[in-house]
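You will see subunit A twice below: alongside subunit B first, and alongside subunit C after that.
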Partner chain A sequence: MKRTPTLAVWKFASCDGCQLSLLDCEAELLAVTERLTIANFVEASREVLKGPYDLSLVEGSITTAHDAERIHKIRRISKTLITIGACATAGGIQALRNFKDVKEFVSIVYSTPAYIETLSKSTPIANHVYVDFELHGCPINKNQLLEVVNAYLNGRKPNIPAYSVCVECKRRGIVCGLVAAGPPCLGPVTHAGCDALCPSYHRGCFGCYGPKETPNTGSLTSWWKQSGMKDDELLRLFRNFNAYADAFRKESESHEK
Partner chain B sequence: MKNRTIKVDYLARVEGEGSLYLKTKNGAVVDAKLKIFEPPRFFEAFLRGRAFTEAPDITARICGICPVAYQMSAVHAMENALGITVDGQLRSLRRLLYCGEWIESHVLHIYLLHAPDFLGHQDAIRMAKEFPDVVKRGLRMKKLGNAIVTLVGGREIHPINVKVGGFYKLPSRAELGALTEELTWARDAARETITLTASLTFPEFDQDYEFVALRTDDARPEYPMNEGRIVSSKGLNISVAQYDQHFAEEHVEHSNALHSAIKERGSYFVGPLARFNLNRDRLPSAIDKAARAAGLTGKCTNPFKSIIVRAVETLYACEEALRIIREYEPPAKPAVATEPKAGTGYGCTEAPRGILYHRYMLDAKGIILDAKIVPPTSQNQKTIENDLRHFAEKHLHLNDEQLTWQCEQAVRNYDPCISCATHFLTLTREQV
Partner chain C sequence: MFTVDRTNVDQLFRLLQQKGYTLIGPTVRDGALILDAISSASDLPVGWTDDQGPAHYRLRRRDDASLFGYSVGAHSWKRYLFPPAVKLVDARRQGRSMDCTSPSPDSASQGTPLKKYAFIGVKPCELNAILIQDKVFLGSGTVDPFYKAARERLFIVAANCTQASGTCFCASMDAGPRAQRGFDLAITEVAGKQHYFVIDAGSKKGTEILLELPHRKSSQQELDEAARRVQKATDQMGRQLDTAGVRDLLLKNPEHPRWEEVSQRCLNCANCTLVCPTCFCSSVEDTTDLAGKTAERWRRWDSCFTLDFSYIHGGCIRSSGKSRFRQWMTHKLASWNDQFGSSGCVGCGRCITWCPVGIDITEEVRAIRGTKRQEQLMHS
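Let's turn to the complex of A and B:
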């Protein structure tokens, strides 16, 4: 019998939500464990098998000097490294520090700032090491995660579309909030993957899957400005879980002061 | 007896990253620490300057295991600041959403994280080889919890349907009704879970804790979730707004989490055991009976038995969800209107792991000037360290491997959520 590939799950600064998606696969979870040996997944098991590992899933962003070193070690012992979620692919909500003075942040939360070790910026994994594939979302979609793992097992490219939330929304036949003068919606510039969840709940998209390929954020915001939205509102709209992703970062900076 | 050090660098089967450290000298424990090295993410700092409407979505990202708890504490604190109340069916729907999270989180902990300790397995996947039906039952119950959160909240992790004032969209009677069949199965499965957990072997370890939980007014005698006064087993009885007068957070060197204490008395205990001991009279009699049959006759002061209490609360959450669904009539509007206004708001709700406190100060435009968030795990941290010390002292005869495992288990009694608290375990036994 062929050896089953080994899986390791790693965590950096994050909320654990993306790796929880793996446990949330419930029925499929036991099926996955028949084709992959869970070798290192501390949230689920005490047992840690020695590396190297065939597949590493990485959650979270780099925020400490120690972690900046740790990710290099992980890269060296991983044949394939896939990042999961907005923290790992864009720096996450904790990247809001990148726009401010982190020392001030430390002193707001902790009385003895000297005890806290942190970097001034929260950065995505790909800023530090080569990443084989990035899966977006805050949190990731578990079906997409299963697709990525399946694609890996079958040696093919994952089928993860790069178009916008808008395309999913149209396909579901949801009435467009932008056309119907509903709440501001980042659907046109946001990466698909959630199946247009917010619009289906009568709510505008707030970009939790991050920017799609080549988004035209400027034309969207100039439209909203004409209809009376203020710069501070636009700034906040782009400064969420994917605030440090290039396209969203540039857009939010253009509305600063 | 020799001096030794037990050290676990990455505590397994807890949510987030922490380590455990134990130092003994001449057969006495001289140091016990739960170290939290999960990197800090500074939520309280970057909430400043955000709109009051954004708090539920932003604070959800503190924890992927209990995002509903963060959303509930955030919306209640904001509504308190704005002077509005959300009642009737909207209030019931929020309770239903919380039932979903309690079920999902408790079942995850019972079956996937804690039971393997009792049954001697490294993890649930290996446990599944010996007890396939047990693990499958757990996974199916967890799925049902997730299904409730997904229907009411939009998705299981970081729901998108919660807003200050209520919801974006209301479920229909038919949509909720569709959950009834699986919930009825889960209720029976919860009864089996109580029987299963009650059959486990527990170390003798009763401690004198101060339990702290919410308790609702006598006018609304129910098991607490979204509101109530903060009460304790040693006489504390305060409103949520008085929290800061009675609780203090301390910043200790070995942890990126702040340790909480009751100013007058020190360490305290929050979570299922505290809720159960302080609100047992609020459980329907059939559930109280099931708890009694499982051996929980009086107050339960053995934290290892919290796994039984989680099963009891899971049964309660299933019954409560069934009741809410039965009585549901969609209200006229999905949310109460909100107008920004200057002021301070306080919110405290019962997360699966215990009380979760939020406080926000808003300006006239509804922009957050100041935020404070105290998660359950940082409130339990002192108590966990005390337990480690007392438990280890009684079990120093065990070899390193056994002692390490049992100390880990003692920590997992609290279902500690380290991601929350960094705002957590590795075991080190050091010889001096």
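Let's turn to the complex of A and C:
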């Protein structure tokens, strides 16, 4: 019988929510284990098989010198490396520190700042090593995770479109809150993947999946400015889980005083 | 022409239901009019109308109890004839080959079983959009079996427009506000002290239903009043589009600086194409099960504003926002004529209303024509 490919799941600075999405797959997880050997997934099992591994899923961002080295070791022992979630693909919510001096935060937050060794910026994995595929989201959508694993197993391109959340809204027939007096919504500049979760509950899109392909954030904020929104409000809209993703970072910085 | 009183509208709905139709009509949800299953006249937006402008939609109370006193809502009817997702193929691995089957349009495996729909209150612009999609899905050499099956069993109750909005320009596109053809019944509502509908039958099915309803021959006064109300909608059109020579104008100006300017504003979010009642683009997506034993092929709504839509081996053909906006607008107003023998635009104004940054197709045509923007005509 053919050897089943081995899977490793790695954690860097993150909340574990994306790894949990894999455990959340429940019924489908059994099907996954029939096709993949879970070789190194400490959140699921204490049994760790030695690498190298065929597929590595990497969660979290690089925030320490130790992690910046560790990711290179992981890359060396991984045939295919896929990053999952906003931390791994954009630096995560912890990348808010990138806009300020981290030493100041450390001095306020920790009683003994001397114990804290951290890099000045939280950065995505792709800033450090070659990444085969990035799956966006905070957290990632479990169906999209299954699709990525499925595509990997079947040697095909994953169906993970990079267009806007608006496409998902319109397919679902959700009334656009941007036009019909709803709250501000980042849908037109945000990567699809959540199936328009927040708009389906009458909330604006928070941009959890990061910038979509060719995002035109400047046009959207100019429009909002005309209707009276202030720079500090606009800045906050883009300072979120994906604050350090290029397009969102540049947009928020353009509203800094 | 016959007149049916407001009190008999529910009788019309009951007759249609008895003949096996599922009624789809406008209804109020989440601050807008959407389309959904309805069962009686009270499900319609009774006494509501809408204010529409670029990136602006609000519902507002009317001072009467009209059933159809508004312009077009957030959804177009295409979602019932050309649904957002349709399964095209089921495939099963058989040793070294595979078995493929196409689900029949009637089967429930498409996601939703195909129903016999009666569309209630189709505005003339939208009726024209359906006639345009007929050419796309039935009349251009390749017949779409799902569209055909849904279309053949469809019953259309058109509602002539008595209220236009700030983004309406059907009169410019010769697509309204009065329905000319393609309906089973066409009604003009007169809501006031007396509340009645002047009804015209456009098909045998329509005549049969009308004859079963309590009706009378319309008086001249009723006809005049109905005509006056439709004329009011014509006068209310919030937008105009000068169609004279527009095909050549757009095809001869692919490098006009306006394309670059509008692309600076365009979000390429695809909203305009997805709300458009004639846009028909889709992509085909293959999925597999984890074991690779079965596969499915799905057709989903897509848009010329996405990069993947023009992706072929080696890259995306329309990588700039400018080229994507130009593709959409020139197809809609110019090359559509060459392809299907008419404009692809019916002047419903949805692309203007539902664009999150209010890009206005009529203004873009005017800019390329080089004429000065006319003062905005009165809002509804």
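Here, the second predicted complex is superposed on the first by the 257 of 257 C-alpha atoms of A that agree within 3 Å, B and C clash if a C-alpha of one lies under 4 Å from a C-alpha of the other, contacts with A are read in each partner's own complex, and residues count from 1 in each chain.
Going forward, contacts are C-beta pairs under 8 Å (C-beta built on N, C-alpha and C of every residue); 3 or more make two chains touch, one makes a residue touch a chain.
Computed from a predicted model, the values in this text were never measured in an experiment.
Q: Using the superposition on subunit A, decide if subunit B and subunit C clash or fit.
A: Here subunit B and subunit C can both sit on subunit A without a clash.
Q: Write the angle, vertex at the C-alpha centre of subunit A, between the C-alpha centres of subunit B and subunit C, to the nearest 10 degrees.
A: Result: 110 degrees, to the nearest ten.
Q: Who does A:E213 touch here: subunit B (first), subunit C (second), both, or neither?
A: In the superposition, A:E213 contacts subunit C only.
Q: In the superposed arrangement, does A:G173 touch subunit B (first), subunit C (second), both or neither?
A: Only subunit C is touched by A:G173; subunit B is not.
Q: If we overlay the two complexes on their shared chain A, which of subunit B and subunit C does A:W223 touch? Say first, second, both or neither.
A: The answer is second: A:W223 touches subunit C but not subunit B.
Q: Thinking of the overlay built on chain A, is A:Y130 touched by subunit B (first), by subunit C (second), by both, or by neither?
A: The answer is neither, since A:Y130 touches no partner chain.
Q: For the overlaid complexes, name the partner, subunit B or subunit C, with more touching residues on subunit A.
A: B
Q: In the superposed arrangement, which partner chain does A:D24 touch: subunit B (first), subunit C (second), both, or neither?
A: A:D24 sits against subunit B, while subunit C stays out of touch.
Q: With the two structures laid over each other on chain A, which partner does A:E47 touch: subunit B (first), subunit C (second), both, or neither?
A: first
Q: Is A:T63 in contact with subunit B, with subunit C, with both, or with neither (first, second, both, neither)?
A: Only subunit B is touched by A:T63; subunit C is not.
Q: Taking the superposition on A as described, I'd like to know which of subunit B and subunit C A:H202 touches: first, second, both or neither.
A: Both partners, subunit B and subunit C.
Q: Using only CA atoms and the superposition described at the top, report the least gap between subunit B and subunit C in Å.
A: Distance of closest C-alpha approach: 11 Å.
Q: So which positions on subunit A get touched by both subunit B and subunit C?
A: The answer is residues 202 of subunit A.
Q: Flag every residue of subunit A that touches subunit B in the complex, lowest number first.
A: Of all residues in subunit A, those touching subunit B are 11-21, 23-24, 26-27, 29-30, 33, 38, 42-48, 63-64, 67, 92-94, 96-97, 100, 102, 104-106, 108-112, 115-116, 118, 138-139, 194, 197-198, 201-203, 206, 208, 236, 240-241.
Q: Would you pull the subunit B residues touching subunit A in the complex into a rising list?
A: Touch residues, subunit B against subunit A: 10-17, 38-46, 48, 50-51, 54, 57-58, 61-65, 67, 108, 112, 116, 122-126, 128, 135-136, 139-140, 142-143, 146, 154-158, 160-161, 168-169, 250-253, 256, 258, 334, 405, 408, 419, 423.
Q: Per the contact definition, I'd like the list of subunit A residues that touch subunit C in the complex.
A: That would be residues 28, 31-32, 34-35, 146-147, 149-151, 153-154, 156, 159, 161-164, 166-167, 170-182, 185, 187-189, 202, 213-216, 219-220, 222-223 of subunit A.
Q: Spell out the part of subunit C that touches subunit A in their complex, as residue ranges.
A: 29-32, 34, 55-58, 74-75, 79, 84-85, 264-271, 274-275, 285-292, 300-303, 305-308, 321, 353-354, 356-358
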